[in-house]
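What follows is a single structure, written as structure tokens, with notes after it.
As written, the chain order gives the labels A, B, C and D, with residue 1 at the start of each chain.
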Amino acid sequence: MEKITENLLTKVIRKRPANSFKGTYGKVVLIGGSQNFGGAIIMASLAAVYSGAGLVTTITNPTNQSSLHDWLPEAMFVDDNQFDAAQSIVTAANVIVIGPGLGTDQHALSLLKQTFALAKTGQVLVIDGSALTLIAQNNLALPKGPLNVLTPHQMEWQRLSGIKIANQTTQKNREVANQLGAIVVVKSHRTQVYVDNQVYENPGGTPAQATGGMGDTLAGMIGGFTAQFNNKSEAVLAAVYTHSAIADELAKKQYVVLPHQISEALPTFMLQHQGANQAE
Amino acid sequence: MEKITENLLTKVIRKRPANSFKGTYGKVVLIGGSQNFGGAIIMASLAAVYSGAGLVTTITNPTNQSSLHDWLPEAMFVDDNQFDAAQSIVTAANVIVIGPGLGTDQHALSLLKQTFALAKTGQVLVIDGSALTLIAQNNLALPKGPLNVLTPHQMEWQRLSGIKIANQTTQKNREVANQLGAIVVVKSHRTQVYVDNQVYENPGGTPAQATGGMGDTLAGMIGGFTAQFNNKSEAVLAAVYTHSAIADELAKKQYVVLPHQISEALPTFMLQHQGANQAE
Amino acid sequence: MEKITENLLTKVIRKRPANSFKGTYGKVVLIGGSQNFGGAIIMASLAAVYSGAGLVTTITNPTNQSSLHDWLPEAMFVDDNQFDAAQSIVTAANVIVIGPGLGTDQHALSLLKQTFALAKTGQVLVIDGSALTLIAQNNLALPKGPLNVLTPHQMEWQRLSGIKIANQTTQKNREVANQLGAIVVVKSHRTQVYVDNQVYENPGGTPAQATGGMGDTLAGMIGGFTAQFNNKSEAVLAAVYTHSAIADELAKKQYVVLPHQISEALPTFMLQHQGANQAE
Amino acid sequence: MEKITENLLTKVIRKRPANSFKGTYGKVVLIGGSQNFGGAIIMASLAAVYSGAGLVTTITNPTNQSSLHDWLPEAMFVDDNQFDAAQSIVTAANVIVIGPGLGTDQHALSLLKQTFALAKTGQVLVIDGSALTLIAQNNLALPKGPLNVLTPHQMEWQRLSGIKIANQTTQKNREVANQLGAIVVVKSHRTQVYVDNQVYENPGGTPAQATGGMGDTLAGMIGGFTAQFNNKSEAVLAAVYTHSAIADELAKKQYVVLPHQISEALPTFMLQHQGANQAE
């Protein structure tokens, strides 16, 4: 099992070419945030914007519209009761993130199924939080077209993979990840990423991160990174590393790190770890 | 009467074990915030999250949903008209905080009674603000199961205990606290904490704190501290001490200290007063 | 015509007595903020809280509830369609501020008339913005009981006093102020305060303040200062001085000063200009 | 083709005369922000206020009221379903900005047509975003009275001018700009401004700006600058220069620059580049 190293960051986070525009950095659509869990999709959206995605649209329960814009006037809003009318936005996206605060009711399931039906080759589909629970509960197959990225914590991975937490060995996890044909980020004290038949361990992470919303922020970051950077596998690894590296830095001064603080620290951290010019 | 000392903080605020997750730091449910007093439950929730509680859910009037998430995307929201559907969340909580901005109408009384009916052994129940008034007005008995923590100011304590402010001696207060079987935090210029048949005086506190919302913030902090730290009596004492210690620090530069500023200062203050590793 | 001097501040802004509580620093009720002008009452409320008022309640259009709490969880909210139910709050106030963003429609007029009917001896009534226009339009008499403080800019003063801007001499203004029996703050490049048959000129003020909301902030500060400090005339003068002194300070680094920045600077400024202990 | 230089800033951004008031710095009305694109008009309004406009009113979808005031209590709000009742506000404005987040549905088209019908000589009309698309789609003629300022990106300019992006030479662009009788800001990596039969190139700009909302912020700044500064052509050029100069500065520390950060940096940047006293 290989460790993700800081060197990866300069490889992934390339200096932006001078002659580029917002379209260069991708369109991310985030779907989630029921009335009870609106904060989750806000935190994920915040992470996508602050990691540099070109255009971000958030499809969520309408009661979350004001809060979304209070944090993020930069994001566009779609009422998730009007998902039909938003199909062209989903289809035009480079990356779809579904799950943060989505909930597990029939409406959530319907949104997930519609998204799976729309997702297609060339897109990245990040599946997080309640969306993972819905897949397990309903035995949903992952869509064939897109590059699927799953971000379960250990219990969600148990539900998805059928492997109990105590038995989640690298070997077994890799087998299921391969069967799923997906990049799998198993979140824990030392997060593991299963990608291209390899396993990477994230060396960072602090117990100061042990608070609600951390996963939502990571999902949004993976959305933002894969929207911008060409090598999707490396983009996922770099997002995982960056998430905990920022938390480790903040934890030098804080007993607890709030998820939104990680997003707000992204622009500065990313510049500090920027590599040479991105090939145009 | 003993004074709470700074030494207590390193004893209570332990270095977090590396291998921990949000569940390790407890689930806090806060109930309050009518349409008129929504800010109170927001301030209490802010304090719970910024003191490091693992997962925070706020049950409040639906008109407060946006404001809650504007301050705190990290908190989950439940409409207090749907308290029935939220029973499992209340039951699963480690700590329940009820009262900040709850109001004293029939709906508030109903929420209080339902909460009392659900609260059970193993839980901490922090009772603050209007909830204390409702208990006095309606002669409600405290629930038997949970560890009850009451946080009255002197007038609320008069209503609850029947002891007039002028007569609130340590001796009399202790007797009633013992009868109630509760930890009682009598808030004043020099707050006193009645716990385990002892009385502790808080040495700190500044008149710069004399502004609306301070008590709500303390209630939320007690929620956050008791959710994380094993010795509940000491956790209450440490929260009381920390609340005024931060205020004293801020008052060196401010004529008035705003309650939300205390919450925002918590992560840094707590790290500075962190003790050795928490036993795992 | 005397100038207000910095010396006045240490005389007014007294060190708070250790043994005090939020009731010591007064209850302020602010009334204003139609659907179109909600920001005005938010800015006024912000100024009242950040200048140290003990308890602040804002009576406003219900569409402003969320924004109020986003800026200020410390304030309580009342729907201005339920003014009847809030009569006891108005009656219990030490200071009432009416006018910021109130508008001039029938509903606004009704709120103003009801407030005038409730205001009584011992209270300070700060009348600002649209409330002044309504008085002029409807020939309303000021209420007899309270200490009335009017804060017109020059055009509003013309409407109220009948004196055209070009003719607004110290002598004429003083005569009308005396007839009104009110403290009158005539806002301009060099604001004048008519109080106790005297005229004071404010030496400060910067064109960086020439932006919407400055007057609302001043009205809220007068509310906060008169709620806390015993000598009401001096409290008004100190609020006027402090408002422009902070702006002058901020204008050293900014081409334009935003009103909310003045409020946020209040706690630090006030501590720096705090005098000896307030008599208890 | 001339470059805009920093020297222009001190010529445009004049020291404010001491004896001035908010009316001196103009009234700006911004129209835009459908339910889906509310953030755009918030960002534009933020830019107008922070660049120093005297009074700012935002006409937008009512679901954006709270978010607008959360960012900007300094702005006044009008429900865009009540545009009729706001005609006097539009007529009294010095500058009208229409387009950010306006959308392209029938309601948007109606708002655009009504605005065109009201706009008159002496006013500046900044036309941005979806308003440009609507003009192209519906072959609308620009209104005759006002000074029209168009701010298309290259694709919007293609739609408007009929010149494909690859063929957008200085010569061709100038011809169409002259025919339109408008100032045209063609936004790209190196933005060009067509004004008074001349072409100016903006030397600044960074790929860190390649994110949604940058254009909305520029439109609001052009609104704020033309409201305050007498020479409208130079005011547009100075706004374009300032927008990217601030971004370049922020990009020294950030991988991505958020649009709202540019607005928040305006007051300090403008003071640093302020010239001698503005002629009164």
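Here, a residue touches a chain if its C-beta (ideal position, glycine included) is under 8 Å from a C-beta of that chain, and two chains touch if they have at least 3 such contacts.
Molecules present, by chain and UniProt name: A, B, C, D = ADP-dependent (S)-NAD(P)H-hydrate dehydratase.
It should be emphasised that the depicted structure is a prediction, and the values quoted were computed from it without experimental measurement.
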Greatest separation from subunit B - chain, by CA centre: D
Suppose you list every residue number at the subunit B-subunit C interface; are over half of them used by both chains (same) or under half (different)? different
What is the distance in Å between the mean C-alpha positions of subunit B and subunit D? 49
Where subunit A and subunit B are represented by their mean Cα positions, the distance between them in whole Å: 34
Counting only residues that touch at least 2 other chains, which ones in subunit A make the list? 66, 70
All pairs of touching chains, each written as two labels joined by a dash: A-B, A-D, B-C, C-D
Give the list of subunit D residues in touch with subunit A in this complex. 35-40, 42-43, 46, 63-64, 66-67, 70-71, 153, 188-189, 206-208, 210-214, 251, 253-260
Subunit B residues within the subunit A interface of the complex: 13, 16-22, 24-25, 49-56, 65-66, 69-70, 72-79, 266-268, 270-271, 274
